[in-house]
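Here come two complexes built around chain A, the first alongside chain B, the second alongside chain C.
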Partner chain A sequence: MRDILGHSLNFQYELLLPEIIIAITATLVVGADAFRNELRLGRRILPWLSVIGLVAALVVSLLWIDTQRNFARLITIDNYTTFFRVLFTATAIVVIVGSHEYVERHIGHIGEFYALILLSTVGAIYMAAARDLLTAYVAIEVLSFSLYVAVSLARNDPRSGEAALKYTLLGGVASAMLLYGLSLLYGVAGSTQYTEISGALAAGTGGMTLPLILGLVLIVAGLGFKASAVPFHMYTPDAYEGAPLPITAYISATSKAAVLALFLRWFSGPLLPALPDWQWMVALIAVLTMGLGNLVALQQRNIKRLLAYSSIGQVGYMLMAITTVSVVSASALLLHIGGYLVTNLAVFMAVIAFYNRTGTEEISGFRGLAQTNPYLALVITAGMFSLGGMPLLAGFLTKFILFTAAADGGFLWLATFAVIMSTVSLYYYLQVIKQMYLYQPDGDARRWRLSPTGYLTTAVLLAGTVVLGVYATPLYTLADRATRVLFV
Partner chain B sequence: MTESDGYVLLALFLVPLGSALLLMLTPSRERTAIIGLTALASLAMFVLSVYAFVRYSFVGEQFQGVLTFGWMQNVGLLGEHGLQLKVGVDGIAVSMVLLTGIVILAGTWVSWKVTDRTKDFFILLYVLVAGVYGTFVMLDLFFWFFLYELAVLPMYLLIAVWGSTRKEYGAMKLMMMLVAGSILIFTAIFAMFVELGTGSFDMTEYFAASFDPTFQKIFFPMVAVGCGTLGGLFPFHPWSPDGHAAAPTAVSMLHAGVLMKLGAFGVIRLGFQMMPEGGAFWAPALILLGITAALYGAISALRQTDLKLLTGFSSVSHMGYVFLGLGTLNVIGWNGAVLQMFAHGVMTALFFLLIGGMYDQSHDREIPNFSGMARQMPVWAIFFVIAGLASLGLPGLSGFVAELHIFIGAFRAYPVVGGLAVLTAAITATYLLRMFSSVFFGEFSTRWSALKEITWPERAGATVLAGSIVVLGLWPSPWIDRIAPTIIHTIPGVTL
Partner chain C sequence: MIPMENFLLLSAVLFAIGFYGVLARRSAILILISVELMLAGVAINFVTFATYLDSQAFSGAIFALFVITVAAAEVGLALGIVLRIFRERQTANVDEVDTLKW
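Take a look at the complex of A and B:
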């Protein structure tokens, strides 16, 4: 089959198999939830089903290692896509396994919860895989809409609805900006295909500099919104605070990583020829994001808000790699995303386990955790130190490589600024650690244990944090192989 | 030292790391097992350190026991050598390794007194020691900095949980100042990595690189201030007295005894060995800061009434000598600087051990509250006097050997500074002798009649430390034979 311009199109649906599996699983989950009473299914069937579907998708996605194919000129299946397929399905698995207890207690619509996580994973994967602006846009919306609903799922928490409304409205504005930016870009480049845009921009824009810059501003702003970069971050703390904890974890992990994946795909491919026009914008946003995210985090009293601002700071570090886009910084970015995901999920899974027991989100509620549950205190401490960039943990190594890559790209000042902000961040991470180790527990001082799945997820993530902090070579090699296809 | 001795160097930081891991798996109520394990581990570290020191031969290559394991190569920004696990020591590093072995042996023994969460204490302590050892033996810039930071990581909890006197404040101040210093080291490492351009973190390539002079002049001060913060370089020292006063005994010992040397060692490794021209350019500033610190620390110590604060300021003063020695840029001054690192490490560890041994019983460190203690605790007083006399530079003890070298070096470089340095030694004698007369002699106050002599593990630790003070004081040649050739051959800017 050929398209209207005469390009031959191949509809090899098997290339989309992982996402098809995930989408079918999502449908099954909703169906099973609806007919649970009739079919006499236990509650646990839903997470089991989701995990089985995700594992299948993960395994299937490994089929296309080192291949370079596309589906109807809309979706690329290359190492980059495979990297994020594995990363996002694995994240979804971890979030589901680590939070099923929480979901049973605090979520109103269980079937929808799992289905939305599955669907948003599909959106996230296609954000990394798209090779056409419109496909990418639709993928963003699949992810965003799933999350708008998911944020509102907390039962008996008025903050949840408020957060969802805020998130939806501001997300809609961001989408509109992004779409307008994309239409301007289409006007300048004459195509929505990545390959043709880059060709058109490289050939010169023929006096269309102003529309191009306006388009770039809108694109950066729209994506900045989705990644919660400063100054477009306002909704993030509220959305994080209002959302059920597993969704907060999921947003901070998959949603962030997906936007960064898309960022990298666009700015290393179609938009690379316009580098001089956008580099300063991204650098500026990176500085603002690192600075503001980390400074405001200093004042937080609620663990979700603290992690929200800390994740904003983290986005700032990642945007640095976009600023200096190159093979070197791209692989460093993927390495950092991998390390960040493992660390951040470790912290969130531990916080979820903590919340299941105590029901508090205040940082002062962590008092004496080192006595009541030393294991959990260790996991949180390791996670916090890793986020703060201390050695023996993933954060030090991945940040070191990421910052060195930025310096290597000629932005030593930016790397230095990032180190300064990383040092500032250590202060607020220490505040949490201080609560756990320095004070006596308020009230119930008995020892308590986690659920088996709680132990499983936190232990795996803790081990991952330590292994990545010492021997990250395998992940770095994979990241390197994944990003080489971007620069050909 | 042969290549196979490289495995000893590797073991130096793997033993404490492995012990920390084993301790994690030990249930905290098994106190005997914890004490047995730490006894074994500390002995192993001590033996390995002595072995490394003895095996280091002072003829032949400067870097000995070099052992390389590939870690990350040819990926992303890393080139052919990339990031390696590469160990090896020169004469300076091997002396510091010996120092660490001595201090951790004594430090472990005195820490058996810790009753609150003993296991966690030792885990953190051994992570710290692993970082310290690793920094001294590592010849890869990434791992060097990795372990340098690892040595700082456990400090916060060690001080904040097990410390005394304003421990939260002291811990936070120390932690934040040290990581702030690391910002500058980070920046310098990034810059050097980019400037080198081969995508390698192998230190030997950096030693041979001879960077552009302007580059060196810009980035040498960053390293000097960044590492100098940990080394107690004036005016970046304020964490030191507060941190030391707040820290538990063994942590003070390790921190003042070894960790501060890490800072000075960083100035040598990353500063003078990688950017000698920058070092030569900034040497006068180093001298100025060094002599200021020596004087300022000594004068501040005159005013202190808290024993630990007095020792803390005394540390600032003595570390000032180290930077002064480095700034002289002549072999004898440098010899003195490295000797002083060793001498001060042992001596200050002994000070903190003794103060801790007394404070644990009396919960009081105010000098005016004590008098006539020599009658109540004679063994304690004798060890204290040995440390004090070493500190004020009595011939026959370690401090004299080190300070004499530094003074001669300083006189050769700038006679005025040499004079001021001698004046500092006089002030040191004043505050120490005054403290002795007040604490040890005079009317004995019955308030302290319940105080007992220091415990046997403490006596054993004090003996090891005091023994090292005497050995270095009477027979310094094993040290000088190792240090001097390294200085002559690996520090390009240093003249005879």
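Take a look at the complex of A and C:
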């Protein structure tokens, strides 16, 4: 089949099989939830079903390693797509396995919870895989809409609805800004295809610099909002605090990584010829994000808000890799995203297990955890140290490679600032660790154990954090293979 | 033929009015309407560029169709959330929805 301009289009639906599987699983989950009583299904069937679907999708997505194909000129299936397919499905599996007890106790609509996680995974994958602005936009909205609703799912918690309202309204404004930027870009380049935009921008814009710059400002602002970069981060702490904990974990992992994947796909591909026009913007928001995220985190009392500001700081480091866009910094970025996901999920899964037992989100509630549950204290300590960038843990190595890439790319001042901010961040991570190890527990000092799935997820993620810290070569090789296809 | 600038000006004005509304209005419903105005500006922009600069492939017009559809979905979703807020607090004023701070 050919399109109106004579390009041949292939509709090979098997290329989209992983996402088709996930979407069908999502429908099945909602259906199974609706007819649970009639079909006499146990409550555990929903997480099981979701995990089976995700594992199937993960396995199927490995079929296209080292291929370079596209679906109807809308979606690319290459190593970059495969990397993020594996990353996002694995993240969804971890979140679902680690949180099913929390979900049974604190979520009003269980079927919708799992279905929304599955659907947002589809959106996240297509954000990394799109090769047309239209596909990218629809993918962004699939991810965002699922998350707006997911944030509001906490039962009996008025903060949840408020967080969802703020997230939805500000998200809508950000989408409108992004779209206006995309329409200007379309006007300048005359096409919505990535390849043709990059060709048109490379050939010169014929005096259309003002619309181009205005478009780029709006695009950076819109994407910056979705990635919660400063100054578009205002909603982030509220959304994180109001959302149910597993959704907070999921937003801080998948949503961040997906926006960064899209950022990299755009700024290393269609927008690369306009590098001088946008480099300063991205550098500016990277500096602001690193600085403000880490400084405001210093005064937080709630663990969700602390992790929200910490994740804002992490986005600052990641944006630094976009500023110095090259094969080296791109693979450093993918490596850092991988390490950040593992570490951050380790902390969140531990916090979920902690919340299941104690029901508190205050940092002071962590007092004496080293006595009541030494294993959980160890997981949180390792995760916090890794986020802060201590040697022998994932965070150190990935940050080291990321900062080196930025310095080599000619942004030494940015890398220096990142190192300083990374040191500042250790202070607030240590505050949590101090509570756990230096104080006596308030009240009940008996030892307690985690559930089997709690042990499973935290142990796997803890192992990942340590292994990546000493031996990251395999992941780096994968990241390198994934990013080579971007720069051809 | 009407010059392209007229349409671009119209869309820019719509977008700016919508953005002002988002900043100035305190009712969640009115903020939603303002977002819709911004999206209307975007749709006009896409159709204009498609008509004047991309009359063969016309991909901007298709983009505009998607923008309209997604905007409708967004309103439905946001209204559901506003309804929940209203049931909990008997207000849709965003200044009074302020449990979460700093």
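In the analysis below, the second predicted complex is superposed on the first by the 488 of 488 C-alpha atoms of A that agree within 3 Å, B and C clash if a C-alpha of one lies under 4 Å from a C-alpha of the other, contacts with A are read in each partner's own complex, and residues count from 1 in each chain.
Just so it is clear, contacts are C-beta pairs under 8 Å (C-beta built on N, C-alpha and C of every residue); 3 or more make two chains touch, one makes a residue touch a chain.
What you are looking at is a predicted structure, and each value in this text was computed from that prediction instead of being measured.
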item	value
Which of chain B and chain C A:I433 touches, first, second, both or neither	first
Contacts of A:P237 with chain B and chain C, given as first, second, both or neither	second
Which superposed partner A:I4 touches (first chain B, second chain C, both, neither)	second
Which superposed partner A:V138 touches (first chain B, second chain C, both, neither)	second
Which of chain B and chain C A:M390 touches, first, second, both or neither	first
Complex contacts: residues of chain B adjacent to chain A	71-72, 75-77, 127, 131, 142, 145-147, 149-150, 153, 156-157, 160-161, 168, 172, 175-176, 179-180, 182-183, 186-187, 189-191, 193-194
Residue numbers on chain A that touch chain C, as the complex places them	3-5, 133-134, 137-138, 141, 145, 148-149, 152, 158-159, 161-166, 168-169, 172-173, 175-177, 179-180, 182-184, 186-187, 190-192, 237-238, 241-242, 305
In the complex, chain A residues that touch chain B	327-328, 331-332, 335, 385, 390-392, 396-397, 400-401, 403-405, 407-408, 412, 415-416, 419-420, 423, 426-427, 430, 433-434, 437-438, 471-473, 476-477, 479-480
Chain C - residues contacting chain A, complex	11, 15, 18-19, 22, 28, 31-32, 35, 38-39, 41-42, 45-46, 48-49, 53-54, 56-60, 62-63, 66-67, 70, 73-74, 77-78, 80-82, 84-85, 88-89, 94, 97-100, 102
